[in-house]
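Across the two complexes that follow, chain A remains constant while its partner is chain B and subsequently chain C.
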Partner chain A sequence: MPDDSEEILKTRKFLKERLQTDYSTFRGHENERDNIRQLLQRTAEMGESNSMLLIGPRGSGKTTLVNAVLTDLMKNKDFIQNTLIVHLNGNLHTDDRLALKSVTVQMQLENATDGKVFGSFSENLAFLLACLKAGNKRSKSVVFILDEFDLFCAHHNQTLLYNLFDVSQSAQAPICVLGVTCRLDVIELLEKRVKSRFSHRQVFIFPNAEDFDEYVKLFAELLTIPSEKQLKELADRVGTLKHLQSSELTFHRSHFQPSKYKFSKKYMEAWNKHIAELIKTPSVVKSLQALFDFDVSQAFLKIFIFRLVCQMQTSLSIAEQITAEQITQLTAIYEMDEKVELLCGLSVLELCLIIAIKHHSEIYDRDPFNFEIIFSRFHKFAKVSSTMQGIERPVALKAFEHLRNMEIILPLTATTCKVQKEFEMHKMVLTYGQINQAVQRYQALPTEVQQWSQSSLI
Partner chain B sequence: MYTTELLENRYPCRTDFIRILYCMVSKSEENFPSAIYISGHTGTGKTAIVKDFLNIHAECENNRTVLVNCVECYTTKILYEHILEELVLGGTRCDNFKEFVEILRQAKNVEQSGFVVALDNADRLRDMDNNILPSLLRLQEFTGLNICVLLISQIPLEKYYCKTGVSEVISLYTPQYTKVETLKILSGSFENTVHMLKCRINDNCDAKVQRNQLVIVEQITQEFYNNYLNIFLSVFYKACRDVPELKITASKCFFTYMEPVLNGNVELSDVARLWRNIAVPLRSSLSQVYMRFDKVESEMLSNHNLEGNLADNSLRKLARAFELPFYGKYLLIAAFLASHNSANQDKRLFVKHHGKQRKRLQSVNAKAKVAEKMSSSLGPKSFSLDRLLAIFYAILDEKVGLTCNLLSQISTLVHLKLLGFVSGENNVMDGSARLQCTVGLEFILYIGKVVGFNVYQYLCDFA
Partner chain C sequence: TRLAEGTPRRSIQLSSIVEQRVFNDDDIINTPKRSKARKSIALPVVDNVKTTEDDEEYTPKKTTQKTPSKGRRSTTKATEAPATPKTPSQKLKMIRSGEIKPTLEKRDSLAGSEKGKTDLQIARERLHVSVVPKSLPCREKEFDNIYTFLEGKIQDQCGGCMYVSGVPGTGKTATVTGVIRMLQQRVAEDDLPPFDFLEINGMRLTEPRQAYVHIYRQLTGKTVSWEHAHALLEKRFTTPAPRRVTTVLLVDELDILCNRRQDVVYNLLDWPTKSAARLVVVTIANTMDLPERLLMGKVTSRLGLTRLTFQPYTHKQLQEIVTGRLQGSEAFKGDAVQLVARKVAAVSGDARRALDICRRATEIADAAASKAAEKGSKDTQQCVNMLHVQQALNEMISSAKVQAIKNCSRLEQIFLQAVVAEVTRTGVEETSFMGVYTQIETIAAFMGAATPTPGRALRICAKLGSERLLICEHSRNDVFQKILLNVSMDDIHYALKVNNTN
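What follows is the complex of A and B.
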């Protein structure tokens, strides 16, 4: 059906875009969300200063939460007029000089600071904040969002953090410092003088690891096409983002635009019915359970669904689009052990060296080894075997170096040219289980090698 | 679908990989994933496919693509500028990641299209600044562009995990080719090999011989070549699964395989005799795999019937090639003994009346050494210059003065890389320099045989 194929193309595009660039839809954790919103709102409206840390593991949606709160607040005219948002990322702003420069730009104060010489960091920052006050009876409040907060702790003397927290403590200008990090022990990283100025307000978000039904529901939600009404609601919410003026934040510029899409009602119902049936299939539930056991974060699930959506093809009908087989196949990829796969791709010679290393480690209780030791062990086996005869030293050395390049074995110390490579000590980074598994799965492995792997006696 | 078919033809047995790559990163109007990590063994077509894919990609659609090798870009600055040069066109200065992101953000205003950045040898990123890997994985979020980062490397993704973790990545694995697949790929180069064979024949001068040989070459069929490949793989496959390497070696050995046929000694159909002829050269070129000695190989092939042990032979040749003087040889032996014996055994080994040794349980146990703890497998230890000279005088029967001629022999040995400095390279004169002997036991045994010295007698491990 030609009209269907067009719709499917559109669906794929829609789903992909929603998965990748829907930066501001946050689900659950209502309390935490309210908490942060109120904090920002108070800073904007009452001119209170504050500081807070948002802590949660990777992929739990910290940044999304902040984005969602900002999107909510963008409805508020007062908030837009009264606040400046300064966004810093620990990965981008790697030192305080860069950070301060970026702060200046984001406050649009480059002209004011032009040609001025500041004695210290705090003077500079104080000047910036004072500029906001000038000409107005009420100073604009500033919201500092520090992404990857733990990285700022590594800056020299923690100058930026000290000054920000200092301002937030004393009543100079209303600022709110919101740190976002995935390190639970981040407080311990703060210097004493910095720590004492921090308000110790911490919000933790952890992904929900108990509720599997919720996970399945989320899976379905990320795959279904919303109705026209839902689309409109979404569009309204996202529409407010155009008020957000920030050069550093980019999520509002590339944000997914629901208003661009329109699906025919008949098609939408057919598609949603297909998805609803899909999540009831036992094999899908089993796969999802496996994924849930690996990783409960939404980011992980989104990547999984993205790979599924990529497999959609316009030539097929709706019923053949996202199938249970595809889901089980994709889950199998996550279940495989990359190192065992890697071992199965080695040549027989390389696998023999691995087995020799295994025997050495078993006998000498994981003592380090060098090429000489392993080669002499391998050589003993090769002499009596029918298949591995005639392997010369240089070829074996090359195989040994290949193992090292693959980082299956690692040198004990950083490379020094003082030691000849045959004598450099290495350690193995595999478990015996992985080796046994690889030996079993290896295709067309000579029987004698297999037997040798079981027992080091020749 | 045109792209995938083209690539599938060019890279057989990689259909799945190409399809997956294509459906994730192809249409610039759809969103790209933020990062894809491609891993697998060397020679499984990771870089080649991505390179061709990007080229086609950049031509067909309005995309900007760049492939960077991280080995070439040894500092972050070079890396950023290299990427920017291709992506935003025109040389720009860029010192840190902040500026890099800033410049890319401005690219959004210019045009709406997809960007792909591919980084080969991505494992090198670990040696660069700490922030670069986590930031690259979130480049899409930072820049707001439809940008995808492809990371290509040999090692699995788990080797990258840093302290606070990195964001989720899609990882693709290119499996090693199976034996059947390898055979299929190698047989694809049939026409190429035959063409090269013809070129080789044309280089020969004699016109009549040329004509005869060309007639024979015309008779070579795909089946014949596949037969040859089967023989070839039966020898090589256990030691090497690297397809590019096998490809080179296979076509090289094919010339040797064809030699008796071209000379008229063996019929083209007589597979058994052909096998008998090629078996030995194949085995000898197995010892050369990855080395690509062009000349040595032909030399070896010519005298393979004369002597069996190739490695031994070449070692002897090497030892002869140095043409060490008499004292130089003794110095080298002394150095070897110093490297492989512990200093507290010297008295017993080299002094004539060293007194009676009391046998104690401790010393008996110490002597019962396992192979792994012997010095031959643990490597040479360092020694001082004084000890070297003392051993030298002990093993040499005649009396020689300590002249500068003798001492200059030591520096000659160092220049020949037979000895190496471990420390104190700059203060040889005050005696704090330490050296070690870098040659193996076989080499020393040969030298010892030349000067009539029994090395075994003076080695603790063998005494």
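What follows is the complex of A and C.
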């Protein structure tokens, strides 16, 4: 069906793009969202100064929430005209000097020209503070968004944080400081005078771990094609983003454009029906439950779905697109043990050494070992075996070094002291279960080795 | 006050060294540009060199360059007004000389007008920390203390020091600036000899020595390097001059100004001892025993024994502060304010905290009132009651650790339980991943859940570590990493027990 294949190609593109670049759609957490929106709105409209912390585990959608709130506010003319948005990231702005330069550029102060800031660090700070002090309720509100807020706490003396919070608590230009972090105990990182100036508004975002049905619904929602009306609404919402003028916030530039896509009604219905049926299949529910047990965050689910969508092929019909088998297979990949895979790729000699290490660890209760200990144990086995005879010491040493380079065994101390490499003590970072699994799964392992791995007696 | 202006700007020796350096390094770049831009100004060329070197050590050089370039400029372009700077470096120069006033962009539309505001909105505005009242309630004694000290020093025309301490949010800076305002008012009424007021804050400086620059800037409006500023201030305070007025210097966050050498603190406290200086220094810091604990003997000796400690607010005082702000407004119920005051006074006695909580309570009440209005019920009374305050307190004081544990995925919860089990088993707080993994296998088998592979368990561990429910090492150490529990065991039991029964 050539007609369908074109649609499927389009669907794949649409789904992928929506998964990856839809930065501003945030689901759930209405109260928190309202809270942040009202805070920013009051800062913009009434000239109030505020500070707030947004806290939640990684992948819970903190940045998406901020983006969504900004997108909501883009409809508001007052907000666009009366605010400057300054975006800082703790990973990029690793000290106050860099952060300050970025602030100066983004606020377009007098001592910045074309993204270049003049003057020394202390001059920049003094000038910025003078500017903020000169401001009053009639000047534009400044919204500071501090991503990775906990890293700003590590700066020298917390000068930047102190000054931002201080401005927000004194009669100067109206500013709003919005910190975003994943650390729950971030307030304890603040110095006491910084802590006192912070307003202690904390908004917590936790992904919902109670409701599995919600998770399945989300899975379906991320795979279904929206109706024409919904697409139009989305396109309108994304359209307002063009008002966002910020040199540092870039999410709107490569944002997902729903207006580019148009699906025929018949196809859309067929596809959505297929997805609706899919989530009723018991094996799919079971797979999703396994994912849900591991990680409840949306980000994790999105990556999973992306891998699923990548498997769509134009040559197949709708019913064969995203099948229950594919989902089960993909879940199985997630549950695989990488270390065991790694072990199965080793040579028999290397595996023998690992078995020798295992025997040593079992006997001496995970005592550290060096090459000599392991080689003598291996040699005892090699002498009586028919396949491993005649392996020279340098060959075994090379295999041992290979294990070390793969970090299956780790040296006890990080520093390489003057010990010869045959005598350096090591520890093994595998559980016995992993070794047993590897021995079972190893292709064409000599029976002798397999038997030896069961018991250290020869 | 303009005495320091006329002082010679720099020594000839320094400037000649700088000239040499500039010409040697940038000979090739400089000469063609100079000839090209001969007619306009040679300034940008010199300034390019300046701006590429932001290091502190070059600061003296920067200033020394000013003279020749200024001179050249005045001869060639004497008539041109410096109103519109063309190049960034010119702009920077004007900023340094204080000709450009720092400004912020103005908003297009005015912020909400005074009318049309509800009771709650007015209350919220009055409760903002930035709205400092004319006279601080509950700080009358401290006010009088500082007032008499400063008044005496100004009238006697001598110098002196004072040390004010107290935990954050107890009205130290507000009281001192209030005293200064009062004194300035009296100067305006010719009741008191005039005085200068300077103010620095340790946390607004990038390093202690920048204090000189800030003081000098407040005296003259010019920005110079700290060495230069130090020399000029030294000159100002040590040489006697007729008609010198008293200077009051407020030093906030004194502990930040203390470096190892303590030269800045020493200087700031040594100048008042000079008879020519007529300098009164008021220092503010948090810790009561800072002079004994951190400062050198000679500095402590100069700081003197005139000290004042601001006690944390008691619940009665906090209540008075909040009701003082609310004056006349009916937005708050009396017992609501009392609850805030009692809760905050029990924790820190921080006035900022009490005001912030009250402000949050008005927001909650606002939302509730608008919700009631939406429903069409007539009970849209705009008043903050106990329930709103209770909600605000919960939001701003409580921690969310239990909530976080409840919202972990199943395997994450098993991991936390396993850590608890391992800690109970070994009796040591610090556990290793290996032991925890054995516990996971047991617990998962017991609960009938699939055991995660060690790799996935490490991922879970890293995730819990990033949330700070656990404290763990880098996962480079793999199964040998040490794991510490960052929440109490009871929290975990509580979160998971309550979770299970629901």
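Here is the rule we use: the second predicted complex is superposed on the first by the 428 of 458 C-alpha atoms of A that agree within 3 Å, B and C clash if a C-alpha of one lies under 4 Å from a C-alpha of the other, contacts with A are read in each partner's own complex, and residues count from 1 in each chain.
What we mean here is this: a contact is a pair of C-beta atoms (placed from the backbone, for glycine too) under 8 Å apart; a residue touches a chain by one contact, two chains touch by 3 or more.
Note that the structure is a prediction, hence the values are computed from the model and not measured.
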item	value
Partner chain(s) touched by A:Leu129 [first = chain B, second = chain C, both, neither]	second
Which superposed partner A:Glu372 touches (first chain B, second chain C, both, neither)	first
First (chain B), second (chain C), both or neither touched by A:Tyr442	neither
Touched partner set for A:Tyr261, first chain B, second chain C, both or neither	neither
Touching partner for A:Lys140 - first (chain B), second (chain C), both, neither	second
Touching partner for A:Lys398 - first (chain B), second (chain C), both, neither	first
Touched partner set for A:Trp271, first chain B, second chain C, both or neither	neither
First (chain B), second (chain C), both or neither touched by A:Pro207	second
Touched partner set for A:Asn163, first chain B, second chain C, both or neither	second
Chain C-contacting residues of chain A that also contact chain B	57-58, 182-183, 338-339, 407
Residue numbers on chain A that touch chain B, as the complex places them	12-13, 16-17, 19-21, 23, 57-59, 89-94, 98, 102, 150-151, 182-183, 247, 250-251, 253-254, 297, 299-300, 302-303, 306-307, 310-311, 333, 338-339, 341-342, 344-349, 360, 364, 367, 369-370, 372-373, 376, 387-388, 390-395, 398-399, 402, 405-407, 418-420, 422-423, 443-444
Residues of chain C that touch chain A when the two form their complex	51, 54-56, 59, 88-89, 91-92, 95-96, 100-112, 121, 124-125, 128-132, 167-169, 203-207, 210, 213-214, 217, 223, 253, 256, 286, 348, 350, 352-353, 356-357, 359-360, 363, 367, 395-397, 399-401, 403-404, 406-411, 434, 437, 449-450, 452-456, 460, 463, 466-469, 477-480, 486
Chain A contact footprint on chain B (complex, rising order)	20, 23-24, 29-34, 39-42, 44, 96-98, 101, 105, 108, 129, 131, 134-135, 138, 140-146, 154-159, 164-170, 173, 175-176, 178-179, 237-241, 283, 286-287, 289-291, 310-311, 371-372, 376-380, 420, 422, 438
Contacting residues of chain A [partner chain C, same complex]	34, 38, 45-49, 55, 57-58, 78, 81-82, 84, 96, 107-111, 113, 116, 118-123, 125-127, 129-135, 137-142, 157, 159, 162-163, 166, 169-174, 182-185, 192-193, 195-197, 199-202, 204, 206-210, 290, 292-296, 335-340, 366, 407, 410, 427, 429-431, 434
